[in-house]
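Chain lettering (A, B, C, D, E and F) follows the sequence in which the chains are written, and residue indices restart at 1 in each chain.
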């Protein structure tokens, strides 16, 4: 009641078959008094079975998820589905249309707005709608991220940790089923405002990804993502198992070792990293340098790694300001797995 | 006289040894009535010999040139020089400080401002200074470009065509001496407002490059650039020949076959290219597609190649608007070479 | 107490006679550390009688209300008043000074901020002041809106629905007394954050309007508004009844039939509506089209009405983005009236 | 030569039949190093006959021209044409895509850039292309304007005065053939940088229009425009005469009597005009007033007409700043007509 | 728990000696997915004794505090300390780097955000960190402000009133120990969202300052600030008493007499104040005028003082908009002092 | 002819008596198709005598000139004039209304646009109007500048050097007649695009000023300016000599010794100057330092004077970027004086 929304939807989540429509969030800015933000949604329902929610476009500059989910909207045969698939290929649609991580409407990073606010800004209203209306009708949630404009990341599937050990194992099993070359446990330093944290809080089996990045569309990441989304649906029993499912056991599971896993810029300038993604590095080793291009007689500042591990992410834009994340290290995960 | 500038310089171009200082272009915006735009410049002079002008930062988001020339400012031993090296590592310094192709001060792309205007905006005054003061004291000009924020390009050395056949051969010889994996003749559809076109017009031996891009610093391109700059100085007799000079004959020379060499976006959306850089492609072949992510039920638009050749450049940002350059094809060069 | 404000007022709401002054909301942005947002307010008090609050400028680009209330501030004779009139002709003064629906200070639509927040942004502080200080001393509230920059609307008086049937009838009677050519019941899809919803929640007799629009000042709407504001004061017994009061019975009462009452743009482009305001239309009928002017060979997209009724509102700016409200339909109201 | 352009075109102006394509103006901003501005162009050619150039989108917020010319691109049967029609429905395409009078790329009003500059900004390059490449192959030029975002204007056809009496009569005859309800001679206070002034300078028979405005699409203006464009082609002998051609003699010819024809805002505020378009007014009469809505106790400032005539144009946005054109008067034209 | 933060710190507040590091507030905007806002912090700890928190840069355009605290970070000898000094020289670091009162990241005035919100924007997260983590480990808090860009203020130390008389005396004693030429009791019209109000709420002995301003660095204010910060530490027993401590009794204690203490602009224009800072003025006296420079024939508007006292603050920028604070009066303080 | 303007004026420069009106420069931006930029102008003419042009607002944030000239417009008695005074108190009116050095319309510094361009932007059209229409009817030109937002300058009268010795003496005599505390010869490093350089080029007796600054209105500078403007008119024989004319011989004449006269910021940060205006300094002496407030452990950079002289100007805003003018030195003038 405190959380009553004015949003409305043009699909019926309970109707069998395939429907493609929109969630309308009423929005009343200067240039559109009585219009809406129009978020694409599709439902594919057939027979009995679990409900999987597949989401892309949480960040508007991470393209593999929206492309793959758009293909599913157009191509997935309802007859092949056992249960229900809810597709949200461009959940933060204003950010997607702008190709920006954050919404150009309210400046917010949707993945820092959960559980949202139905009386808040558009992004807060959207996350409130997902939290209050979509999660309660789902069993599993797949949130497809990529590195975005600022990071290039080794394509990987992501385990959002759950406090309950059984829930954690359930998540891990689904993530491993995705079949990415790499699996990483990411808790975002304990951040609770993400969609996957909210999905875990709502009890759903939760799967994340980080695919390529650099603000571009990666051919390789698209392939992994296409296959992985279907693998997860097969794992849940909604689709038939695909024959090309790789063996989970062969792929490493890593985690980011807290603050020391990140190398931050210590000055404004241009960052030159010394190693390609995937390199094994050690704490204390030189990681890169920040150049002062406007005054070349001033020597660049050297940055160092603060943890052992492999180079998992790397800043894309050369230009940095102090505090920017330049490099990310991942180390072996010691926690429980299914 | 019509072209009198108010600029002043804190180095003496005729003094032996190494000096590092600044070109000051007086600039009088709102927040700095009597200040200047302060462009780094270094001169390294020793004995008799030709003068080479090495420039980076023509576009402020192409980092390999400025990094390599900054290293030279700090590390090049004057005793190793025979003649004179003038280093301009960040010529459009406001763009370099902003990490933008174009100047944040006047919005101009410096490489469309030659021969400049000493009574114009800061970028126009800067190109006028290079054109009127620097080119006349030089014998050769090396302009180090990369792909920048919007393009990822196969690292290559660039021949700016000269109308005079001898001048053209002189340019080609110096470019081949650079020793890039690829050499490309680029005339920018006949554009005369670039720094290399102006350098050719001034009679200088002229060498260009396109190194990587994607708005980031490339480890590989840095290596090519470091070696190539020294190779050109060796070719000119200013430095000793480096032992690692590759044989020019082994590397292909290509050119962009005019308008059909470019694949432009035909709609606003997100571009997915179908092939990696270096792929051999044919006119008529499907090249990629533009996705409408805000309305996934609408099928993407297919783009096609319009020329045979290899995929030489590829747009980095996924987001495109109609007219954006998505792909660039290079085909074998049939013109004269040294 | 949790809702303590730092605002102060330069008029005394309890003093007889006419006073014109300002509500000061302390505001501390970059360029004014210790200044205030200065909202015009006038009080006209005489003898015993009810208190009517007349508000304009909730949206800063709806001009008829502020003009008519400004005339009242300058021209209304205190001797003609029986009770009290509180005039707030430009409540969101920063938006009014900018001619924008939303505040340029915090980007907020004041009509989505009730009950406000005295510890929030300027617009939130302003709505908190109205809610906490002004509503409690009033008996009736008239909020004068027009179509604004984005909509052209048939001039009409608006009934904000109240849950309590007696309150609802009281509101309807006052709205019909306004004497607009048309009366419409508008619940904004259940929106509770508007000033009229908050006024109803506070128990005040509440009257709204929608007058013309298109971002301009309408001669006809000004006349309706001038007369209507006085009619409402007469209805409340604060002014003598004006002789030109039309018979309410002759004018239709309509309502917007929920989501189907709106036609939203399905694509970015330029909207061409097929019918003038007031046209009777049917669900399924072609309503207009969205042109792709940058690519004229692409056919425009056709939009359709989704409800029967008359064309009540129409988008003013030709340019639309997907989700913009292009057309609004009103249908006969079936609810209770006085 | 000094005016060499790098633009290229994907249609062949000399080929019979209908072609729809693009003029590409190479454009190299931050986010698109090697892309183009892509301006739609169509050519319809059949048999022998004159060449008419039909242009819309000179200002990007004047929609009737682009809509009507887009219809012609899609619908005009080449077999019905005797000669050649060149259609430029969205000449300042960046402004059209933005719905702005001026280009968002360089801030320029295209209609103040003639004869353009092929080495200038995109808008200057575009007008240079029209001036240097399109005008020389044309016999007649029709430039379809509307009132745009800031003005609402009585739909009218416009005579751009020519110094040569025969040329002037030729223009007037073609304008009268357009068949607008009103014909007005407009010299823009002698402005020579407009496309119609440049077309006259190039010797072409030249026709202008001003259709509605207010930033919206007018049903009535669309009809006038659709019919008028065909009427002009019929007048030139390119199309068969349409049967619904009205008699020119019945419609008035007016002109704007220089500076006194304009009423300018004398203060910042909100403008309320006192009369509807078409009203007959006299010099000295009260024309409207500028309200100070932020301080309603301050009386509004009264504006007066400075010429006799009819009210021909009226500012749309209520908000004005000092110097804004609030009202435009047109008076009978005394000059020569065919 | 509801207030759990993701921030982390690179210094150990409990470790003896001097450490200089950073508070990292994770921040995930478009151009830096996994980076942080990096706020400088230093701890100097030695032996037993109270903990003083010294803060600068609450507003980013008030420079004396950050400069003086930066000197302490570099120069204060840990051996001279008895207890602990926590230095936060640039707490709103994004505002400091921009030279803006308010944060360029979220537009917030940090001094209107207490007690902050660990799930809010960066500025809200920062004030939450100070409130939740720093205040609880401190005994005294010194917040160094200056007049900033918009005000020029007589250098003074500020007493934030405390409700508890003993706490109030404790604050007053510490403020008088600072030894500014002037001491002023400032309650910001009862504002509870400031860092000093939050510090008082947390029970800390609290000292504020206002030093010069005009957006510049004042030689005189630097001297007062340098000496005063050490005087406060001496007063707390953390440093040895400095020999140059002036006698508190000789310096006046004033207060701002509520709303009448401020002279606000009554119109947009350019403000000319009639008196220098420190002038004794009377209520009703002419204080200055607002010029209408765009229309010099219109006479300027006269402003008047509304309270007796001395001129304590004066607007720096000539340009004003209605509501801007032009002048501030301070009158003798009648409240209790130690 | 090439320089034909569309501007028009509402005063008659040849009519006796006092007239106050506007120069209208037609301007056609997005939000005002047919409006004008409206520049205040007044003419006071009586009997025979020379014509003096008095200008303020060349830079929009230098307020003493516009205030003093506005007073003259309102207060100067035509009967007291012998000849003609043309007053342009706010020549760059858009910049004056914005309180910006440069025009918010086209971003230009008017004082770098002479001789202007009647086919250019608004600022270029304005300077063209002054150059082509106003200068030719004048005998003397007084351009009233202050330090503006970025500089605080010792109030002084300015001699713009003339190549012709007689012209130079004529200028110097008029400048000394102004009676400022200080007289300075300023050639702006040879800049020819200023209004005073253009006035000298047109042969007019030319007087400049620099009055205070810091973006504020200075009480002292207003007094000097008020008296000086009348002194110059008396010197020209247009007004009676004022009795308070000081003896020119007692005041020093200085000049800025070229590039060494300026101290530029060598890094981004916050500038602390070590000396107040008027201090005598020596080349090599420490002048100030640039602080790195975001990283207090990094020591500040020291700046040094490069010339002997007195401290004539000082940057107001604490925040600097590399190249900003921090300090200006003036040294004794050795050239010829009357």
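Methods note: a residue touches a chain if its C-beta (ideal position, glycine included) is under 8 Å from a C-beta of that chain, and two chains touch if they have at least 3 such contacts.
Remember, predicted model here, so these are calculated numbers, not experimental data.
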Give the chains in contact with both chain B and chain E, ordered by label. A, C, D, F
Set of chains whose contacts include both chain F and chain D: B, E
How big is the rotation relating chain B to chain F when the fit is done on Cα atoms? Please round to the nearest 5 degrees. 120
So which of A-F, B-F or A-B matches D-F, with over half of the contact pairs the same residue numbers? B-F
Looking only at C-beta pairs in contact, point me to the busier pair out of D-E and B-D. B-D
Whole-angstrom distance, CA centroid of chain C to CA centroid of chain E, is 41
So what's the Cα centroid distance for chain C and chain D, whole Å? 37
When the centre of a chain is set as the mean of its C-alpha atoms, what distance in Å lies between chain B and chain C? 57
Which positions in chain A are in touch with at least two other chains? 38, 61, 97, 149, 294-295, 315, 317, 322
How would one label the connectivity among the chains shown: line, ring, star, complete, or other? other
Sort out which chains touch which and give me every pair. A-B, A-C, A-E, A-F, B-C, B-D, B-F, C-D, C-E, D-E, D-F, E-F
The chain F residues in contact with chain A across the complex are 266-268, 294-295, 322
Considering only the defined contacts, which chain A positions touch chain B in the complex? 20, 38, 40, 42, 57, 61, 63, 66-67, 69-70, 73-74, 87, 89-90, 93, 96-99, 149, 152, 214-217, 219, 222, 270-276, 291, 293-297, 299-300, 315-319
Per the touch rule, the chain E residues reaching chain C in their complex are 59, 61, 100-102, 107, 109, 111-112, 147-151, 188-193, 258-259, 262, 264-265, 313, 315, 317, 322-325, 328
Under the touch definition given earlier, write down the residues of chain A that touch chain C in their complex. 4, 6, 8, 24, 26-38, 97, 106, 119
